[in-house]
Structures are given as structure tokens and as C-alpha cells.
Amino acid sequence: MLEVENLSKTFRSGLAGRPCRAVDGVSLTVGPGQTYGLMGESGCGKSTLGRLITRLLPADGGKVRFDGVDLLTIRGRALKPYRRRMQILFQHPDTALNPRMTVLDSLREPFLIHPLAERGERDDIIREHIKHYGIQPELLERRASQVSGGQIQRVALARIMLLRPEFIVLDEPTSMLDVSVQAQIMELLGAVQAETGVSYLLISHDLDLLRRASGYMGIMHRGKLIEQGAAEALFEDPRQPYTQKLIRSFDRMKEL
Amino acid sequence: MKKALFYAALAVLAVFITAGIFAEVLAPCDPNAVDLANPLAAPSSAHWLGTDHLGRDLLSRLIYGSRSSVFLAFFATGCTLMAGSLIGLVSGWAGGWLDQLLQGVVNLFQGIPSTAFVAAVLGLLGPGIRSLLIAVAASSWAGFSRVVRNQVLAVRELHYIEGARALGAGSFSILCRHVLPNIMLPLLVLAAARVGSTVLTVAAMSFLGLGLRAPAADWGIMISDAKLYYIKDLKVLLAPAACLTLFCLSIHLIADELRDRLDGEGDGAHML
Amino acid sequence: MGLSLNDLCVRFATPSGEVLAVNHATVSFRQEEATGIIGETGSGKSVLGLSILGLLPAAAVSGRIFLDKRELTALGEREMCQIRGREIALVAQNPGTSLNPSLRAGRQIEEVFRLTGAGRREARARTLALLERMGFSRPEETARRYPFELSGGMRQRVLTAIAAAAQPRWIIADEPTKGLDAVVREQVYDTLRLSRREGRWGLLVITHDLLLARKLCDRIVVMYCGRVVETGPAPALFAAPRHPYTQGLIASLPHLGMKPMPGFSPAFTDQPSGCVFHPRCPYAEERCRREAPELTAAGEGSVCCHRCA
């Protein structure tokens, strides 16, 4: 489904700034209907990786193969059909939706960009669609600033799913939410995957969350993917000292 | 207290704008009707504020003056706003070498003292309304474009902009649907404040003989005319100067209040 | 001896009417213990902390707050200033912005000692000693650094040192682990644990981080919608939570199943009748819809639920 090969990105601050290798030769594969969990601490480059894959940032080198096609070689309008098939859900609910638009306007946006339905059917489709995402119809008239974080993430996910994508980057989708809301959103994500067969790249700094939600996992540290493997195997037998340190740290907080 | 001042300022602005629009109806006399037998007359029932050195009705000239001053100021600011916003949007959104180039030009323009620049442009183009508009816009677009660029930089990394790009929306549609509506309000506050200073610039240029030409009724020209006579009769100076001050003051009060209200919404208006 | 709240209410006026951010909270904290106030966004836990420090407009607060035998809610602003920092210190939520970026870390701790009457030399020496006890292996070097030169965990430790410097009787830590990575979060835990060895103060940790509260605190207070819904000793409360909300909260932790509770926290302006939790409660009965339960003693703690009464 998605193969990332040797992907790299270097940021330069200013003209003479020191170059910073945010993503450094990362390779990973996400199979159809699979959830690949990407663990990393803040500043490790995991969010940059998500943006490189979804072409929100230009990569310096490497390949992102989606269904066998290298996305990084596609330019301009030719990219639009791939945009529909590949989406990203963001971390911060407070800026996930345009604050000056109503929830309904935000949900209409995919229709303005892609030929998904006739004009007259759109609102009916939206109203039917949101039922599956636990969004109350009265929410549609509200502006984003009047909606709670958990609800915003539901709306953002519902909006993405209007496109029927095959792959979604989930960039810390629950890190700003309370645990009980996190559990709800993760359950919703699981249900959506079971129904549509969509693949996820789940980015998070929470090992426990990844362990529960993903089948395959990678650990990112300072721009590099230092270790990857089946989630349970990785927890049972971590090879890298950094991975071991992370797992220990999480375990210690769970001990009494 | 602040609220009351804000509403008073709105009322004053409304008076000036109404006076400008309905000058023909409201002005008691023709602003250019000379009455040499009656110069510098004191206020009377025929001339509520008296007359100037050529016997022209002062109140009528003030009313017609608010037409040229106020409307020129709003129009010039509008031109500046559009030019500055367009350049700022391009600069902030495109980034890279184009941004660097445009910001270089902006720095150049911001380095030039604006009054001297306006005077120079007017000297080059000759006096008149069109020259004034060009000169004012050319002298102050840079400040606008910088604010717009900074606002664009602030919002372009927000998730809803990235999200729209990920959905496949084009740059033009993102700028219109998501960027502009979210940077518009702080921009309007800046523009409101700028209207005040533009009125002053226009008046100053007319005062120097570079803007509108006598006998046009304009506050700057009236002040200029008054400089020979104010010793004999203070009101010919005081009346247009008071209008100018009152107008600028109310514009600034309105801009100030608008900024406070926007700050509450968490917009970047505090950077003005 | 301790800190106690008696029928505390905090009211805020909003465009859609008055809301009770803290709703008749009666609870007391013992100085020899660390208490964790846990709850989610909008539970009123942070507002509760602010009201103890007297940082809310007096008109918004009703009910009484006692520090030992003194009633804080009866004190004037000037007297409260004497209490803040010296008797009750706050470790604010965001170590990134709670330190003055233009002063060296050491200077900011020294200031507290100077305020309590120490000379320059003595303040310096005590600062270094305190930093060392807070787990900095090279206190001189840390003292010379500016906040931006310190990592998130180090900043949190400096902030805690500032609170500890005045030897207060209470330290309130507001969301000390919000937005932190696992390793830094563990450092914060160590810092707070160390700080307890440093002095005899009572510790009040306001947090949404259940694991931190469980590991660090002796007692737990659970808040929901501005109400105290359950209190109890930490091990017992986590092992056998009584209130259905506490049960749901613990079950939604990722390593304990990540089982979601149904429904949403209600808006403050639109609170359900009877027990606030009844629309989401798996055990709700007719009585729960009609009648609000009282916080009643249960085991070594208390719980606000008809089923447990």
C-alpha cells in the first residue's frame, strides 16, 4: 500500500543557519488495512515525516510509493487524485478547523475540491455521514471555537472520510485530549478501519497507546527510524538501548 | 467611559461622512462664492461660522472640505490596503526567493521618510487628486504588506490550512477561503488607523500647495489660506484645524476599540 | 491541621448565563500527605487550585477555605499576599513561560531567599544547596544558565525549587506533566517526589495524568463537572474505584484496555438533572435522574453516588 524508502528532509534556519536533519533516511512499509505505529519524543521528526509522506512538505530525497507510484515525482494537478486517496489528521483540535467557518461549511469543503457528489445531494450526504461518527446534528451550525476538542477531532475525521481515502496519517490525534475522550476517538478510528479497510500511520509519543492500537511499530529518534517490528515483538525484545529506555520509562510510571 | 468615547467617535465619523455625501444639501452657501465686501465676518445668521478672507462661507467650506479630505483619505487607504495586501499575500504564501526579494523592496520603502516621499512623488507627477492617491499608496503600501505577510506566515502553518492543502485545494482557493478571512480583521484595524494619518498627509500636502489646488474647499487648503489671516481672526485657522483633529482623534479611538475587541478573539491585532 | 474547603462554589458569568465551575466542594487535604486532584478538561480542578490561592475575583467565590485554623476566604488581598508563596506556593502549569526568560535560573531562586531576609551570599549558598538536593549534579552550572538553555524537565525542577525555596507549608502543582514526553514526565515525577523529602509541606497535584497521581500521591480526589465525586487513598481508589465515573476513567487508560465511556461531559450551561453523571452511567436508575447524590463516607474515603451510599 505505502512504501517509504530512504526519505530525508533537512531544515535550514535562515540563510546561514545550521542545517538540521529532521528526517534522516527513513524507510517503512504500511500494508493495506494495517496500522503502523510510529513512536517518538517531541522534536524527533515524526510529524515532519507525516508531512513529507502527505506532500505537505517537499522532501529532499527518497521515495514515497503509494500503490506502486512514487508520489514525490508527481507534480501540480496530477497530484490531486492522490490527495483524495491519502489524508492526514492533525494533533491540535483548536486549529484543525477554520475558526470563522461553521462545522457544516468545513464538512462541505471536500465537495468543493473533488467531484464526490451532485451539489443538491451534498448536505444530505453530510447529515447521513456524520451519524457514523457520533456527531450531533446541532453541531453543524456551530463554529469551530464553540466545539470541544474531542468533537473537533470527530468532525475532522468525518471530513477526511468523506473522500474515502485508503491511507491516513494520524499525527498525534489524541495527544491534546483527555484520556476518556482519547479512548472514544481511538475506538472510532478502529471502527472506521474495520469498516473501510483504511490504513493508518499512527504517530504518537505514547507507547501504551501504540501498543494497543498498532500491529507494527517503529521507534524514531533524532530523525532516524532506529528500530521497527511487530508491536508485541518490539515490546518483548527491544534491541536498541533507546527503545529499552523508553519502555522502562513507561513501565516505571505504571508501577506503584 | 471607553465605550462612551467609542460611540462618540463613531457619531463624529458619521457626521463627517454624512456631511461629505450630502454637502450640496447641507451646506448653506456655495463654498466658492466670493463676497469681497464681507471678509473675515463674525458668525451671523447668514454665515453660522462667519466668512474667510475672501468672504466665503466658512461652514460651507468645512462641509465641502470634509468631502475631499475624508473621501480622499478613505479611498487612498483603500488603494494602499489592496496593493499592500496583494503583495503581502504573495510574499508570505510563496516564501523563498520571491519573499526575500519583496521584503527587500518593503525594507527600502519603509526606510524612506513618508512625508518627504509623498512630496517628492507629487513634485514629480504634479498636484491633483490622482497624483495624491498614487503618492499616498506608494508611500504606505509597504507597512501593510509587512503586516499581511506576517499574518500569512502565522496562519499558513495552522492545521486547517495544511488540512485544506492535504484535501487537494489550490493556493488561490485556500487564500480566499481560509487565509484572508482569518487575517482580515487585524488588517482592517490597521487600515482604520491609517485613514487618520492619510487625512493629515493630504492636508499637509494641500497646505504645501502640492495636493489639491485653491480654490478647492479642503481642510489643508483652508489652513494654508488661514496662515496670513489667523492673527486678525483666529476662527479661520481654528475651524479647519478642529475638524482635522476631531476626525483623526475619532478614527484612532475607533481603531483602538476595534483592536481591543479583536484581541479578545485572540487575533494577532496587538502587533499594530 | 491541613487545608480544607467547606462548601466551596466558584461562579462565572458567561454569555449563556451563570455557571458553577466548582459546585459545592467540601473536601480537606492533610499536610503530611500528597493529594492528587484528578479530572478532565472542565472538571473544575484548576479553578479549585486558583481559588485556594485567592487568585479569583472574590465575588466569584463563595463558601469557606481554611488553612489550619485561619479562614483564607475572610482575608484581604494584602494578607493573602503574605500567604501566597510563603505558606502556599504554586508550581505553575507551563515551565516554558513561568520562568523569567531574561534572568539566570539561579537568580530567580535567590530572589526568594532574599525576600525572606537572607543576604546575598547566604541566598547564593542556599540556592546551590537546594539545586543539588533537587537532583542537579552541577548546581553552579545550572544556576548560571538562562531558562531557554535548560530542558523542559530541568525548567520544571527549577520552578519547583523556586516554590520550595520559601519553605511553604503547601505546594500546589498545576498540571506538572501536561504535554511532556515520557522521559521528562518521569523526571517531573522524581522532582516532586524529591521535593517532598525536602520539606514537610503538603503537596496538592492538580492533574489529568492518572498514572502520575497514582504513583506520587497518597490520596486522590476525583472531580467531574465541578463536583467532587470520589475521594480515597490512592492504591484503593485505583484498585477498586467506587464511582462509575472513576471506573470509566481508569478503564480508558491505554494499558488498562482503553475502553471508552459512552457520551460526553455536559456543558456547564446545560447540566443534567439529578446526578450529573447519570446520562453516561451504566447503572443509572430513576432515582439518579431525579435526585443529586451527596458526597458520603465510604471506606477510607467518600463517594458521591446513590449506589454506594
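Before moving on, here are some points about what is shown:
Residue numbering begins at 1 within each chain, and the chains themselves are lettered A, B and C in the order written.
The criterion applied here is as follows: contacts are C-beta pairs under 8 Å (C-beta built on N, C-alpha and C of every residue); 3 or more make two chains touch, one makes a residue touch a chain.
Computed from a predicted model, the values in this text were never measured in an experiment.
Summed over C-beta pairs in contact, the chain pair with the top total is A-C.
When chain centres are set by their Cα atoms, the one at the greatest distance from chain C is B. One simple way to say how far apart two chains are is to compare their mean CA positions; for chain A and chain C this gives 33 Å. Centre to centre, using the average C-alpha position, chain B and chain C are separated by 52 Å. A separation of 47 Å divides the Cα centre of chain A from that of chain B. Residue ranges of chain B in contact with chain A, taken from their complex: 158-160, 162-169, 173, 177-178, 181-182.
Remark: chain C residues 40-41, 179, 181-183, 185-186, 189, 208, 210-212, 214-215, 235, 248-249, 251-255, 258-261, 264-265 touch chain A in the complex.
Of all residues in chain A, only 51, 54, 56, 79-80, 83-84, 87-88, 90-92, 95-100, 106, 109-110, 112-114, 156, 163 touch chain B in the complex they form.
Residues of chain A that touch chain C in their complex: 41-42, 148-151, 175, 178-184, 186-187, 205-209, 211-213, 245-246, 249-250, 252-256.
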